[in-house]
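First chain A sits with chain B, and in the next complex the same chain sits with chain C.
On to the complex of A and B.
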């Protein structure tokens, strides 16, 4: 291969990596957590830990609550319970806001305000929008980060002279830099197809947002028609006359018969009080890769079928990639595999950052330069710091009083405050004369903090809710038990990492004097 | 073998060519490919836009790689924006044919 090309790709790989690694780590870490977002919801919202209902009735359970909570809303949306979420999600629009409450279908009881955004409300949106909603900034930032990731993957392959040999190379006994490089190479090469497909599919999910300018040019003034044409949606203007809803349960039964089996994911009612109300019944894609919901649209007033959605071949491809990314199917083995692969991606990104620091540390120490310490501090906050902030948020979830106004937002702000703290900590350490000779001190301290916080989160869950592993496991409450077990495993891994960092000598370090001088 | 080192101006202009020029190329690709697929009757308008949109992410990525692989930033701009112009012309012709039909 042309050495000039390899060198320019090396430059791209190095600098795009340094610039985007924190955002990439954030996206992959939050995405990994989102694999089990519903289970995290159960852990963070104890009131929703209810038994799986046998039957679900929209007319008897959801409708009375919606009539009471949102009589004038233009859209009602109800997510049916399923294996990973035993409660019904009742949502409605209130102006520009979308509000949600949970209902225990077994008793018909409206559960109290959750007081937490949980996995589906915090970690999952963080994964794709960074919680930056203004002008879709978060989505566009994700697009840039995803394109950078694709370029990093391809440039990473180009710069590898011995990609096959790297696949089998791991030298944990060698120097920190060599061992880090091996972990980076193995985690990259081993899961290269996963890294590439998960990034590309993430972009494809938002194709309608990212390609807006192109769509506008193709469609001209009719740009709004694309989603109607692509998803073959029915839109019916309200008659502005009041009307009564026919039985939604009967519509659900009819939709199930049309699908030839399968459960309901969601029922959405547009203009529920109007004579021209429409009822969309979506199928839950639990038995296929593609995220195809095969929506059947009914006339709300008389239950007549208005439309049955059948995606075109192109849309099936788009939904396939969406499903590949979102894991709508019921398969615990694959779900855990996605979780493990997500963690490996995080390791790949973190070791990439460490490599940058480690490669420059000795040279910069000699030259009295300190930029590697800045990058090291950002790397600590951008990797372990995110874990620490997540654990602090889980602890806050157990300590904040129930029913406190703004509790869910406060949890979120505690996450961001803790994250900021994890940046401040390594920066302080880097410029303390007695600590500056070992850049791993901040890593070690945050690893110990992670271990302690993870244990504390498990203990607090047991104390506050009474649900501990010895109780939840025999009861089959696997969402809570699984989250607790993952937290315990996190504690063990964090402690092992911290101990290894304490024992390992730092290679190539020079005298303290020059470092203290540089720090000053 | 010495490593490639770009001046900060060159690196910045290449990054801009890759990110912004790549986006322009992606949009031009959507118009060109979707227009061609629609006018040839292979796909409906919506399907053509979605199909071209999905492939456009690869065009954007390639633009980033070309921006850094090219011998100079000027040449990178010529490659990326030249290709974008080609796709835009294709799209414009297709749209004109669609409107005429």
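On to the complex of A and C.
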């Protein structure tokens, strides 16, 4: 291969990596958590830990609550319970806001305000929008990060001279830098299909956002028409006369018959109090890879079928990639694989950052430069710091009083404050490191903090809700038990990492004592 | 047909296949202190490893269909490969024994799964 090309790719890989790795880690970490977002919801919203309902009725359960909660709303949306979420999610628009409450279908009881955004409301949107809603900045930032990831993957393959020879290479006994490089290479190469597909599909999911300028050019002011055409949706203007809804349960039964089986994902009612109300019944894609919801639209007033959705060939491709990315199907084996691979991706990104620091440490120490310490501090906050902030948020979720106004937002702000703290901490350590050159102090301390916080989160969950592993496991409450077990595993791994960081000598370091002496 | 037995057979075949491919690598053999292979032996290892992985893929497709099967197999092969690579430096005999065992048990599970 042309050495000039390899050199250029090496340059691109190094600097794109340094610039984007924190954001990439954030996206992959939040994405990994989102694989089990509903389970995290159960952990963070104890009121929703109810039994799986046998039958679901829209007319008897959802409708009375929606009539009471949102009589004037233009859109009602009801997500039906399923294996991973035993409660009914009842939502409606209130002006520009979209509000949601949970209903226990077994009793028909409206559950109290959750007081938490949970996995679906905090971690999942963080994964794809960074919670930056203004002018879709978050989505565009994600696009840039995704393109950077593609460039990193391709340049990584090009610069790896012995990609096949090193396919199975891991040398933990060699120097820290060598072992880190091996972990970085092995985790990248063996999961290359996953890294590539997950990044590409992430871009494809938001194609309508990224093509907005083109859409505006084609459709002008009627940009909404595109999604109607693409998703083959029906829209009907309100008659502005009041009307009564026919039985939605009957429409659901009819839709199921049309699909030839399968459950309901969501029922959405537009202009519910109007004579021209429409009812969209979506199928849950539990049995296929593609995120195809096969919506049937009914006339709300008389239950007549207005439209049956058939996606275009282009949209079928888009829905396939969406499904591949978002795992809407029931396949626990694949779900756990995605979780494990997401964690490996995080390790790949973190080791990339460590390599940058480690490669420059000895040289910069000799030259008296400090930029590697800044990058090291950012790397600590951008990797372990995110874990620490997440655990602090989980602890806050158990300590903040129920029913407190703005509780959900406060949880979110606690996350960001903790994250800021995890940046401040390694920066102080970097300042102190002028005298003690062991740059691993901040890593070690945050690893210990993660271990303690993870244990504390499990203990608090047991104390506050009474649901501990010994109780939830026999009861089959696997969402709560699984989250607790993953937290316990996190604590063990964090403690092992912290101990290893304490034991292993720093390669090329002159030793603290001699440095202090030299400084004096 | 028992999907569970076939899925287990697929996993074991993938583990054995990854191990065989790992042990054909000259640099890996050198690191592990194993004797050098002749070209013919190396080709035999590559063919065996590939055949085991092909059997694993075919079984995954048989259980889960094409889309799920291929996706699951890719994920499974990647994760098992990682587990193998990270285990190998700490216990080569353990990896060898587990791979031999997997290669012996996988066909039995696949046969039992088809017959059941």
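Here, the second predicted complex is superposed on the first by the 500 of 520 C-alpha atoms of A that agree within 3 Å, B and C clash if a C-alpha of one lies under 4 Å from a C-alpha of the other, contacts with A are read in each partner's own complex, and residues count from 1 in each chain.
By our rule, a residue touches a chain if its C-beta (ideal position, glycine included) is under 8 Å from a C-beta of that chain, and two chains touch if they have at least 3 such contacts.
Every value quoted in this text rests on a predicted model; they were computed, and no experiment measured them.
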| item | value |
| --- | --- |
| When chain B and chain C are modelled together on chain A, clash or fit | fit |
| Touching partner for A:288 - first (chain B), second (chain C), both, neither | second |
| Contacts of A:194 with chain B and chain C, given as first, second, both or neither | second |
| First, second, both or neither for A:302, with chain B first and chain C second | neither |
| Touched partner set for A:337, first chain B, second chain C, both or neither | second |
| Which of chain B and chain C A:186 touches, first, second, both or neither | second |
| Touching partner for A:233 - first (chain B), second (chain C), both, neither | neither |
| First, second, both or neither for A:324, with chain B first and chain C second | second |
| Dominant contact partner of chain A by residue count, chain C or chain B | B |
| After superposition on chain A, the shortest CA separation from chain B to chain C (Å) | 20 |
| Footprint overlap on chain A, comparing chain B with chain C | none |
| Complex interface listing, chain A residues touching chain C | 162, 165-173, 186-187, 190-191, 193-194, 288-290, 324, 329, 331, 333-334, 337-338, 340-341, 344 |
| In the complex with chain A, residue positions of chain B that touch it | 1-6, 11, 18-19, 22, 26-28, 30-31, 34-35, 43-54, 56-58, 60-61, 64-65, 68-69, 91, 95 |
| Touching residues on chain A, where the partner in the complex is chain B | 3-5, 7-12, 15, 144, 146-148, 150-151, 154-155, 200, 203-204, 207-208, 210-211, 213-215, 217-219, 226, 229-230, 312-315, 317-318, 321 |
| Interfacial residue positions of chain C with respect to chain A in the complex | 7, 21-22, 25-28, 31, 64, 67-68, 71-72, 74-76, 78-79, 81-82, 84-86, 88-90 |
